[in-house]
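After this come two complexes, each holding subunit A, first together with subunit B and then together with subunit C.
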Partner chain A sequence: MQHMSTGERLLRGVLITLALIFFLFPIFWILLMSFQTNADILRIPPSLFFTPTLDNYVALITGELKTASGVLKLAFMQNLFNSFILSTASVALSLVLAVPAAYAFARYKFRFSEDIAFTLLSFKFAPPLLVLLPLTIYFQQIGLANTYIGLIWVYQLITLPLILWIVRGYFEDISPDIEHAYRIAGHSWAKMFFRISIPLARPGIAAAALLSFIFAWNNFVFALVLASADKQPVTVGALAFVTASGIQYGQIAAAVVISIAPTLALALFAQRYLVEGLSLGAVKG
Partner chain B sequence: MTTLELQNVTKRYGKETVLHGLDLAVADGETVAIFGPSGAGKTVLLRLIAGMAEPEEGEILMDGEDLIDVAPEDRSVGMAFQNFALFPHMSAFDNIAAPLDARRAKREAIADGVHAIARLLKIDHVLGHAPRALSNGQKQRTALARALVGAPKILLLDDPLRNVDAKLRFEMRLELPRLLEGFGSTVLYVTQDYREAMALGDRIAVLMDGRFIQVGTPEEIYLTPATVAVAELFGDPVINLFDARVEPSGGGSVAVVGSARLALSPGYANLYGTTVTLGIRPENVAPAGAGTAGAIAARVAALLPLNDRLVRLLVTDEGAEFYTSRDFGGETAGEGARVNVTAASQDVILFDKASRRRIAPEGEAAVIPAAPVGREHRAGRVSA
Partner chain C sequence: MSALDHSAAATATKAATPARRRRRRQRWLPYLLSLPALLVTVWIVIPFFTAIYYSMLRYRLSLPQLKGFVGLDNYLNFLTDGRFWYTVQVSLLYTVLTVVIELVLGLGIAILLQRSTRFNNLAAMLLLLPLMVAPALAALMWKLMTNPNFGVLSYLVGLAGLTDFRWASDPSTALFTVILVDVWVYTPFIMVLLLAGLRSLPKQPFEAAALDGVPKTFVFFRITLPMLMPYILTASLFRMLESIQQFDIVYAMTQGGPGNTLTVFQVESYLQFFQFTNVGRSAALLMVLWAITYFLSNVFVKNWLRLRERAQGVAAE
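Here is the complex of A and B:
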């Protein structure tokens, strides 16, 4: 640990505090909003003091939104369930496909390997709208429009390249000698892959899965175009709060709080893997 | 009961040829030290034998069977890596147990095997530790235990003492031969340390730039090095080299080095009039009496302590520098003192100046057969 003067330590503290306020204030404000009525939210100037209400959450969970123009049906819980299904299944499928692929790209030099890997990454460069229109038509023709399978397939554009490229780096960091040692000890390639390579790349796989889960969860445009009401995730479902009688800020805030909760919990849980050392000091550098 | 044979083994990476047609026969139970500077291809050779890479040409035969299409796990090879290559997420016990586990041995049998080898290598008290909790010496022993525990037919040791401290290296240099003998494996031992090669190898194969320059017993390599480079790699301080002209003198031959004339062994008559590179090891540069004919007159330029000996850097009147590690008797030859030195005729090694290969005296067997110590006697072939 470096020596720091009191001044430096103070400056450090101030800067960290500023950064924390900058990043955490919006979340804090959303949390407050979720317990306010629309009237409280729109009051000028805004106030930290209000009578907290659970109405927003109740409306979301019961699926009934009482507005000035009558009772609106909300599919928020269904949206949440859809988000969950779509993100989980997309990440799971991507892991099954991308982890072995990442290993191949990391370990074996085959013809066009770099080109293929780059092409897969380039899926992330292209604006989604570029592919959406033709995709919509194709999906309608082959009956994949508005299905979970169709959406999960398209979500691979988000999750697969991400997992592939992150995990590839982790595989490259594993000393090939460790794998060779296991082979020479008499184990097959498959055993080596599952008992040596995968466990040693686990921090990377966990990080990649977490990131791609968040990206999938936050996706808006694919689901907007390719899914109708009963398959929509929360991101699209939130549009329902823009009603004829105004924007329901309170419900939006509550919906945001509920929808970031799973990713936040996941991030906290996976933190252990994210910071865990990779090689654990078995190979002398 | 295992012999290992390399036939014309050639390895290329892209356009670069790393190993050039290597030939080597290792007898059952024999330990061959593969010695060479870094980058010579030693590790690549072990990788080929272990099955981690395939040679572009040539064959690797184990007991006469070609190994090329045999998967690494089916080769019955044990290997200790220079960087240990322990499995970081497994305990020392599980690391060592890996080869036994692969054979689906019973739990008790595995435990017995691991504990036996761990006791032998004095690491039985750290079996529960993860590799990161082990000292370098313990890691090295764990790696060695893992290589040995399955009683492999061929044991490949890739500079296993490279990353351990000097004290442990010395201990292991004493311990290893006994240990290896107990296992009866056929061993290839890669090292960059000529002392290790000489201490551990029944024979030494000198690998330079992907070619075996010389294969022979430690004595052969030290006394009759095939090239100047081999002579320079074995011995500390390094061998002294001079340009010398070979001339007849009386009944025999002499090598003329500046104003000095060193007597040569018989058999060099064919070299009269030619200039050669003459090598004398520092321990053979002996003080000569004042009246010794043809002695080299030199000045002591520096004194360098080396262990219990004192190495002297001598400079001749012509400016040639060379070392002697012989005792000059106390302080009588301090810095600046003038001394006369000479070398016995059998200690003088001649090399061709152009090819830098050793010139054998006429009458010496062209290549001394490198007798393998094992059952199967086969001359080690000198390639290149």
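Here is the complex of A and C:
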């Protein structure tokens, strides 16, 4: 790297600060709004100074909003619960299915192996509505409409290819020699897979699980099309607040904060894995 | 095959029959391991073929008695249909603008943060956060900030003299507003990929250029940019693939409105299906989109594989 003049260093600092403001301000502002009363939110000019209130969160958590015209029921905790169920179960199922498959694609060259791997990858790139719209009709017929099982099944299209391709890359990075040695010592394939292969690929599996959890959590269109209010995750539930009557802006902001907090926390916690996962291993972070 | 051959050879000396049994079992092992994953997801071809079939039907849920096979009529009708061409136009505009803006901003920020200092790494980590926000919720956040009554951004542009700036509710600024949200969410994606790319570039050419006193603009255009090109290509192809299909941000922000201003492909097919209950037209639209994404994804995968091989080569060194 070449030597930098003071002027250049200053310019860099200013530009980085501008970028930080643009990308962080919305999160900061919505966080502030979530602690404001409606009167504070509607005040002009907007102010950074106000008496913070927890009322918005209390209303969401207790599920009851007291207004002048009575008590309004809010089902946001149900949305939050749905998000947890859908994302956790989808990732768990995908791990069970995709980790062995990833191992097979990494270790063995078999007939159709690349075709199968790419078919699975191609699901990630197809327009979701192309599949979802006919599926609404089929799900009605086979009784999977508005069920967790139906949704988790469809969520596999998001989580499974992602885990498969990330974990495959990790298995490919592990030398098979140690596995051979363990096998020659007389252990069965299954024992080798669970005692040697999986523990060695654990960082990759963890990264893939975290990233696919984030993708599942952030999904919007699957549940919008296939689920009714009682099975909808936070992404769909929070948006429904906009048109709901009686809801105050502070509560929408608080719902957004609660909805994005888990993924933001995971990202900060696991950020060293993110780069590699996001590019499916095309760029080593 | 090496994994199979090794262990098979080791056991062959013990006894012939168990070895053969084991070898047969091992031939099936990879299928056994990968089949469950395939079975759970491969049903996707059923609704996919259904969609192809629907796209060749005159099929309105509101007029079931008119249902019938019309071959390629839905597609042929598109040729002379202004609404279809508007969808093509607005989707392409959305895609080109988002990818170009995100590329320029992402590359710029990546170059600013190229040196691995503690401050730069902290900034890179914080800049990644918008990418972790669900796009639909990001749209909701910006909706709150651009509300004409209390939105902080409405207030700020008002201070700058734009007192009647209506963001997503005005047809003339709606596209700008959703593009702004897209840029907010996805620029970090390009930034983080290009940053990793930049930091993985070999040092020698830059050191040599510095020794020879080569001007910085020359270094950027003749060394940095060409070497970074595979990363730029992979990142922008991936973004194109997602951008042409954008649904969450547009739907959450305006549901395709105001009027029909933002009827990009997937939003338009959603409206055709649920609002106009025109199943045939909706399916034909999605098939057109699918053809575009199929082409793009093939180009992308080729690029991505090349880059992935290289990344693995670098990691192995």
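Basically, the second predicted complex is superposed on the first by the 219 of 285 C-alpha atoms of A that agree within 3 Å, B and C clash if a C-alpha of one lies under 4 Å from a C-alpha of the other, contacts with A are read in each partner's own complex, and residues count from 1 in each chain.
Basically, a contact is a pair of C-beta atoms (placed from the backbone, for glycine too) under 8 Å apart; a residue touches a chain by one contact, two chains touch by 3 or more.
This is a predicted model, so every value here is computed, not measured.
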*Using the touch definition from the top, say if A:180 reaches subunit B (first), subunit C (second), both or neither.*
both
*Just subunit B (first), just subunit C (second), both, or neither: which does A:268 touch?*
second
*A:249 contacts which: subunit B (first), subunit C (second), both, neither?*
second
*Scan A:9 for contacts with subunit B and subunit C and give back first, second, both or neither.*
neither
*Looking at subunit A, does subunit B or subunit C touch a larger number of its residues?*
C
*First, second, both or neither for A:66, with subunit B first and subunit C second*: neither
*Taking the superposition as given, does A:200 touch the first partner, subunit B, the second, subunit C, both, or neither?*
first
*Which subunit A residues contact subunit B in one complex and subunit C in the other?*
176, 180, 183-184, 279-284
*Show which residues of subunit B lie in contact with subunit A when the two form their complex.*
47, 50-52, 71-75, 77-79, 81, 83-89, 98-99, 101-103, 130-132, 136, 139, 146, 150, 163
*For the subunit C and subunit A complex, residues of the former touching the latter*: 1-4, 6-7, 10, 26, 29-31, 33-34, 36-38, 40-42, 44, 46-48, 50-51, 54, 105, 108-109, 112-115, 120, 123, 125-138, 140-145, 147, 149-150, 152, 155, 184, 187-189, 192-193, 196-197, 200, 206, 210, 216, 231, 234-235, 238, 241, 245, 247-248, 251-252, 265-266, 269-270, 273, 279, 282-283, 286-287, 289-290, 293-294, 296-297, 300-301, 304, 307-308, 311-312, 314-316
*subunit A - residues contacting subunit B, complex*: 175-178, 180-188, 191, 196, 199-200, 279-284
_Quick check on the complex: what are the subunit A residues that touch subunit C?_
1-2, 12, 15-16, 19-20, 22-24, 26-27, 29-30, 33, 41-46, 93, 97-98, 100-101, 103-105, 107-110, 113, 116, 118-123, 125-135, 137-138, 153, 156-157, 160-161, 164, 169, 172-173, 176, 179-180, 183-184, 189, 214, 217-221, 224-225, 234-236, 238-239, 242, 249, 252-253, 256, 259-260, 263-264, 266-268, 271, 274-275, 278-285
